[in-house]
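Labels A, B, C, D, E and F are assigned to the chains in the order they are written; within every chain, residues are numbered from 1.
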Amino acid sequence: MIFITRRERFNAAHRLFRKDFSDEKNLEIFGKCSNPNWHGHNYELFVTIKGEIDPETGFLLNLKQLSKLIKDRVIEKIDHKNINIEVDFMEGKFASTEVLAVSIWDQIEADIRIYGAELHAVKLFESENNYAEYFGK
Amino acid sequence: MIFITRRERFNAAHRLFRKDFSDEKNLEIFGKCSNPNWHGHNYELFVTIKGEIDPETGFLLNLKQLSKLIKDRVIEKIDHKNINIEVDFMEGKFASTEVLAVSIWDQIEADIRIYGAELHAVKLFESENNYAEYFGK
Amino acid sequence: MIFITRRERFNAAHRLFRKDFSDEKNLEIFGKCSNPNWHGHNYELFVTIKGEIDPETGFLLNLKQLSKLIKDRVIEKIDHKNINIEVDFMEGKFASTEVLAVSIWDQIEADIRIYGAELHAVKLFESENNYAEYFGK
Amino acid sequence: MIFITRRERFNAAHRLFRKDFSDEKNLEIFGKCSNPNWHGHNYELFVTIKGEIDPETGFLLNLKQLSKLIKDRVIEKIDHKNINIEVDFMEGKFASTEVLAVSIWDQIEADIRIYGAELHAVKLFESENNYAEYFGK
Amino acid sequence: MIFITRRERFNAAHRLFRKDFSDEKNLEIFGKCSNPNWHGHNYELFVTIKGEIDPETGFLLNLKQLSKLIKDRVIEKIDHKNINIEVDFMEGKFASTEVLAVSIWDQIEADIRIYGAELHAVKLFESENNYAEYFGK
Amino acid sequence: MIFITRRERFNAAHRLFRKDFSDEKNLEIFGKCSNPNWHGHNYELFVTIKGEIDPETGFLLNLKQLSKLIKDRVIEKIDHKNINIEVDFMEGKFASTEVLAVSIWDQIEADIRIYGAELHAVKLFESENNYAEYFGK
């Protein structure tokens, strides 16, 4: 069993809030992250997959294929976008790093199985000081 | 003459566009950075000042003072904000990295002189691949 | 189950030695780290907690709360201090990265439970080339 | 149980290819990594070992010893070398990051046991975007 | 006058040597960098240009254009290549970081003038510990 | 004219204070950096030299020579030491980053001339957020 990881990046706007809260209540719970005019981040995404090394190629999976899969299923939908209002796989969800990490997992897990590998971890940095990791249920 | 540099960070939303352009024209000129729903970045700001070492302290300037000045004049106004619509020193300007670097210079230059030092450079990273620098006129 | 990590930093002096050893013996066992006049490091601390995402907020735990907890229980006691002689939670212990990681775990584990999350890992960098990790007993 | 990690670096040339494939077929499968004239990388290697803290020293293992072991068994054989043609422990193998990580594991595992610790992970970065990890069979 | 910088990366094999020296003499002068079987690096390239901000766009130059120019003139010719034997703009030259930085300058300087900006600096990292900078004659 | 830079690192303890001040006054002026029990840092040092490329080697100066010079004249004297009390070239000086950068310049400038190059800059990071630069008088 070997593990390989691919890093991809995206820049997006978001806001942490609940529609059923007032701006004041959102500020109290979510702090400056609730700013109604949005703020944003350079997100760094690390996708780790696991499986056996293919004796024909020395690869678990060609990283170009893994990169393309992440770009098709995640980056093209979220890069230079507003996470709260125009990313289909985040519709109706909190735009927190935790929820985003789980949602990215759900976007790519099945496709990675098609390639004969298994998704192991989604690690998402919102800043140099904060990240969330999800390893599946 | 010695130079000291302080790094500060802020997260903000922005959009590159002209009001007098259609969304199509903005997309043509500014690419995905023109997204009307905004996107955002983790900005890294490096402020460099120069002057003589104070023989009483061994400092050019206490970095806590420099940090406080940058926070008061720049970070508190722009962090977790939308650069295009709620940052006073960016009003009516393009929210490009170049213009932002010049505007940050204008925000802090006079105050640094008060401390007996001189502003040398404002270096602003929009991403790990792009930055702008301004050294004054 | 989701995992979130918060990075905090501190600068401290320390020395690796045993009181019951001569300076020569300490030098033999601990090398230049045993310098009786101390040396120091910029430590980077990564605290990882795990638990369920709160459906009311989209958070496992608000990272400001986690940051405050780490600051109150660890950073304020050790930052700009001498680890061997003035940090209460290191009293009578070796000031090695390994022992420091375990001691930081002991400082924060119970408090993280109060917030409804569980401490998963303490990862402590002494330099860009060395780090220790502790996952509990 | 404590975990400590040592980072070491090496620069090497390599090529991904199969001798039984034509250059065209190698290009199709391995892309530009199959260039017959070689290319190269700055590899970053993180070796993680685990075990109990020695109550006599506060160490799991003196990192100088771990560093020396990695240098003797891995770095001196591969640094500034061509991985495909002059590294004994890679003879007859694919020069992929996956295979290299496993081979480095095999080079050091037994020696680490001699020191009373256990090898936990070999993590090998080929670039800032790609890495492989091996935790043993 | 504003300065903007774009980072690009490439991986390449090279060797430091003189054809008119024996392998022994090359080893004496160039050390392990003279290995006849090549070694390689992940190079990081920072290209800085200067000029006036365009009042129509807020840009000195659209960074996509700068990135494309660097890719067309430099990266496509050198990435995953052997610098000594298959990079046209390095033919007959030493493959040192210094010479490479100057040669990259010569590859792009004229083209940047076409865009109305001026090349200010080429900064080339061969490793995290070494880089060369060239500012023109 | 080409510029090359070598990075070296050292870990040291220090304290910012004046002997003629009380501990209270030192705390007021120098903050927690005045702790009488010392604190410390991982310093990162970047030494930049300039000159002409040697047509015989393609080098400005062999970086091994530059590295050895910095190690002999600076690193061996300061690494794992207490800057205030056991570093000969800091005797009687403030242990601030500014003064340290100037003092490192004075330690190496003459020796670099012997090699036919010229010292251009000493850049010294005390932390990821602070650095001093000195370019000579």
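FYI, a residue touches a chain if its C-beta (ideal position, glycine included) is under 8 Å from a C-beta of that chain, and two chains touch if they have at least 3 such contacts.
Predicted model only: the values in this text are computed from it and were never measured.
Of all chains in the assembly, those touching chain E and also chain F are B.
Taking the definition of touch as given, a chain qualifies here only if it contacts chain A and chain D alike; those chains are C. At the interface between chain C and chain D, two copies of one sequence, fewer than half of the residue numbers in use are shared by both copies.
When each chain is reduced to the average of its Cα atoms, C sits farthest from chain E. Per-chain Cα centroids separate chain A from chain B by 28 Å.
For the pair chain A and chain E, the distance between C-alpha centroids works out to 34 Å.
Chain F has residues 128 in contact with two or more other chains.
A complete list of chain pairs in contact reads A-B, A-C, A-D, B-E, B-F, C-D, C-F, D-E, E-F. By the touch rule above, chain A contacts chain C in their complex via residues 16, 29-31, 93-99, 101-102, 128-135, 137.
Of all the residues in chain E, the ones that touch chain B in their complex are 1-8, 48, 53, 57-60, 62-64, 67. The touching residues of chain C, when paired with chain F in their complex, are 9, 11-14, 32-33, 35, 37-42, 79-82, 85-86, 127-128.
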